[in-house]
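Down below is the structure, laid out as structure tokens.
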Amino acid sequence: MKSYSLGDIASRLDLRLIGDPDCQIQGLGTLASANTGDISFLSNPSYLGQLANTSASAVIVDASQTDAVPTNALVADQPYVAFAYVSQLFAEQPEVVAGVHASACVADTVSIGEGVYIGANVVIEEEVEIGANSSIGPGTVIGRGVRLGESCRLHAQVTLYHGVRIGSRVNIHSHAVIGADGFGFAFDGERSIKIQQLGAVLIGDDVDVGAGTTIDRGAIEDTIVEDGVKIDNQVQIGHNCHIGAHSVICGCTAIAGSAKIGRYCVLGGASGMVGHLMLADGVKISAMSLVNKSISEPGTYSSGTGQMKVADWKRAIVRFQQLDSLALRVKELERLIEEEGIAR
Amino acid sequence: MKSYSLGDIASRLDLRLIGDPDCQIQGLGTLASANTGDISFLSNPSYLGQLANTSASAVIVDASQTDAVPTNALVADQPYVAFAYVSQLFAEQPEVVAGVHASACVADTVSIGEGVYIGANVVIEEEVEIGANSSIGPGTVIGRGVRLGESCRLHAQVTLYHGVRIGSRVNIHSHAVIGADGFGFAFDGERSIKIQQLGAVLIGDDVDVGAGTTIDRGAIEDTIVEDGVKIDNQVQIGHNCHIGAHSVICGCTAIAGSAKIGRYCVLGGASGMVGHLMLADGVKISAMSLVNKSISEPGTYSSGTGQMKVADWKRAIVRFQQLDSLALRVKELERLIEEEGIAR
Amino acid sequence: MKSYSLGDIASRLDLRLIGDPDCQIQGLGTLASANTGDISFLSNPSYLGQLANTSASAVIVDASQTDAVPTNALVADQPYVAFAYVSQLFAEQPEVVAGVHASACVADTVSIGEGVYIGANVVIEEEVEIGANSSIGPGTVIGRGVRLGESCRLHAQVTLYHGVRIGSRVNIHSHAVIGADGFGFAFDGERSIKIQQLGAVLIGDDVDVGAGTTIDRGAIEDTIVEDGVKIDNQVQIGHNCHIGAHSVICGCTAIAGSAKIGRYCVLGGASGMVGHLMLADGVKISAMSLVNKSISEPGTYSSGTGQMKVADWKRAIVRFQQLDSLALRVKELERLIEEEGIAR
């Protein structure tokens, strides 16, 4: 188990320490769940009530809350961000050791940087380049001509199709598929004729891709995911999409082809976006909402009805389906009252 | 092909038999589709009309329907449950034979119980424990320190990340991913800083997990799936969720992080649940509905509008977007009529 | 890089050529993005304005637009379909060479046609038949008794469960799972009892299946996908569904069990369909809409509300939840005015 003195943590993160620098920290916890030896944080003021009773051995707070901390404190401008950096000190992922597992099938023309780990049963086809210190999990398949940057981590059973290009410090979780054919067919009146998908997928630096996510290759030009984009599990990104830097796409979101998403957007879980639309920088879409028109101004957008008890909901949807006639009836009432001389 | 006498089936399931115990049963069928040699069932009374004309050789019914059966009958309190047990007699899944396939990569420190089958190209990392009579399908990858109980079945190409703990009699279908990182980042104003996901995933006994489903590991504490939970395909369960025993989660449902779902809940297909919400025991969510507030009472809840022809729908959604002003106009009409003296 | 003379392309596709048959074509492009050496097309008249300024070396148009083409033209009844065929001339997918990779695990009783490619780490169980010229990507697992037709392409890490039968010229992308158990349980009041899924999956000719898509095996009878159906990524098709020929199912669509979809239907992205419902031939469902009643007439159907700014949307959903009482209040106003003698 890892252990750091609080003074060591303060020094690594360049944070002010109030209290005992020799206090040993062995883990992390929420204010409510932390035990002795844990470090916690206060970011959302609504948890302030939990601060007084926490069992944590240290709490990260901003300068305005130091008086309220009943134990050791680290002072940060952004306590949650500092907590994120602390969490990285405690990463427990199994160490990977450089080398190529004997069972891996690696083509002769593959270029492998220093410090690279290639796991059991990995398959790497011709002319692939893998940057230094990258790690390829067991069973992953990398198609011909892929280029992968430095310090990437592909977990077990990822699939990269031919020609995909990926930057550095990119994490891709299991069963993600990058570069499968976009969904392009021309209908001739009787059947669907396949349009070959001749573009690639370009992924920038510091991108995360969740488990089971699919990012299709472009039809003619490339599908592009810019630097710092974070993509959760089971997201679908269609061909020729362009995702702006540092945008966040939550789980199960479906983005149709040729969508253009700005920088610093947030797409909530299970949201959807019709093809060929654009989102300006800084647009947020709430969970399970559908984007069916382009959005040119930042802000939060939603669709849907909110949940109801089923009996009430059944009445409401009947009324929803009569809504146009209801509105016309109200207009007629207004006209009658207006014309019959009832004063406004 | 398997064959059982009806008397044998009645005896195995402890059901009353009316008719010929020597009748041979070779398969199952619905009332409408069954042929000679098949056994069928009547559970939903709306299918009663099909009973008279069924070609089945035997029908499972409850005691109130025995007179209506035109052939051999088995009498059960819960005919559909009895049919489920009968179906298990006819399971056709290929037999698996204990042993480790020569192509599997199994670390030296793995503990393997009696009667375990490990298929081709399986990868099992250090310090894994696999209980007796479990079966690991081809290409599955099991990370360091995983514990798997007895009589589990992992189909082909499942991925279990390090430290996942799974009970007994758990079935996991292909391309399910258990224990990938939860989606946790702290935004520092410019970019998203990863929060290490230090929890695990705990799965109880008698759980089923569908193909392509993802269950993320916890951020600090564990993600928990209790006994008897049944999860369909392509479900996403975020970090730190807690799914109560015997709940049922239908396909393509998206559950955001830290959701707490009670016992005996049913989430309909493609439903969604916002993070940090709670469902009481016995809550049912209808298909493609979004849970955006916690629910403290059992019952069925829904959202959405119901389908319409597109031209009608386009008018309705315009009106939906004017709904607040429409309601205000109705209020004004009521005021006018009230104040102008039209009697109620 | 591939290159064709325009005359060669015209001849292969049997199109009329206006201009220089010796013009060399090396690639494809949209009207706006094409460079010298590219061929483009005009299908949607709204792009007519881009035609005059295109840098393409040739454009495929219909007979009515030939005068507007500023460069070489190919004349087609359906320019987009012709473009699809041209795209196939430029397919860049890595060539696969017939043969079985040394690392593949192929059972003795497998029948392999001529010209078949079997990639690294493929696992093929007993009694499988693979038709001529089919290609099986690395890491794919094929269960006992599967039959696969001619000229199929399974990409890397596909899973076919036992007994699945697939026609010819079928493409299946990575991490698709065909034939996993349908989601069938009988609830006995305390727990869910598994109903064995004894049917198979039958897939016709010329079907495409996207990455991460799951198609479950039938409970008693088979799940059926007819000829020419095109299925995008991360689609879920439940047990006993029947998908009619040439229907198109866009990404992330969820289809519950026993749904019956006609021919030439189109299900938009992330749409959903409740189980046991039917769609007539030629029904279209718009993106993220839920089918909750059977549809007997062709046409387009939708559900949902359309996106709004979140503040407006919050007011609208409050009103939605009051919609039944609002409608009753309008009715009361109408009655009052009617009974108080205000003339219509």
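Order as written gives the chain letters A, B and C; numbering starts at 1 within each chain.
To be clear about the criterion, contacts are C-beta pairs under 8 Å (C-beta built on N, C-alpha and C of every residue); 3 or more make two chains touch, one makes a residue touch a chain.
Since the structure is predicted, the reported quantities are computational estimates derived from the model, not experimental observations.
S.K.: Since chain B and chain C are copies that touch, is their contact same (over half of the numbers shared) or different (under half)?
M.R.: At the contact between chain B and chain C, which are copies of one sequence, the residues are largely different (under half shared).
S.K.: Give me the C-alpha superposition rotation for chain A onto chain C, in degrees, nearest 5.
M.R.: Answer in degrees: 120, to the nearest 5.
S.K.: Roughly how many whole angstrom separate the Cα centroids of chain B and chain C?
M.R.: Here the centre of chain C sits 25 Å away from the centre of chain B.
S.K.: Which positions in chain A touch two or more other chains at once?
M.R.: Chain A, residues with two or more chain partners: 103, 121, 139, 157, 175, 212, 234, 252, 304-306, 308, 320, 323, 326, 330, 333, 337.
S.K.: Tell me, which parts of chain C touch chain A in their complex?
M.R.: 27-30, 33, 78, 80-81, 83-85, 87-88, 90-94, 101, 103, 119-121, 137-139, 155-157, 171, 173-175, 206, 208, 210-212, 228, 230, 232-234, 246, 248, 250-252, 269-270, 287-288, 304-310, 313-314, 317, 320-321, 323-324, 326-327, 330, 333-334, 337, 342-344
S.K.: Going by the contact rule set out above, which residues of chain B touch chain A in the complex?
M.R.: Interface residues on the chain B side: 103, 105, 121, 123, 125-126, 139, 141, 143-144, 157, 159, 161-163, 175, 177, 180-181, 183, 185-196, 198, 212, 214, 216, 220-221, 234, 236, 238, 252, 254, 256, 272, 274-275, 285-286, 289-293, 295, 299-306, 308, 312, 315-316, 318-320, 322-323, 326, 329-330, 333, 336-337, 340.
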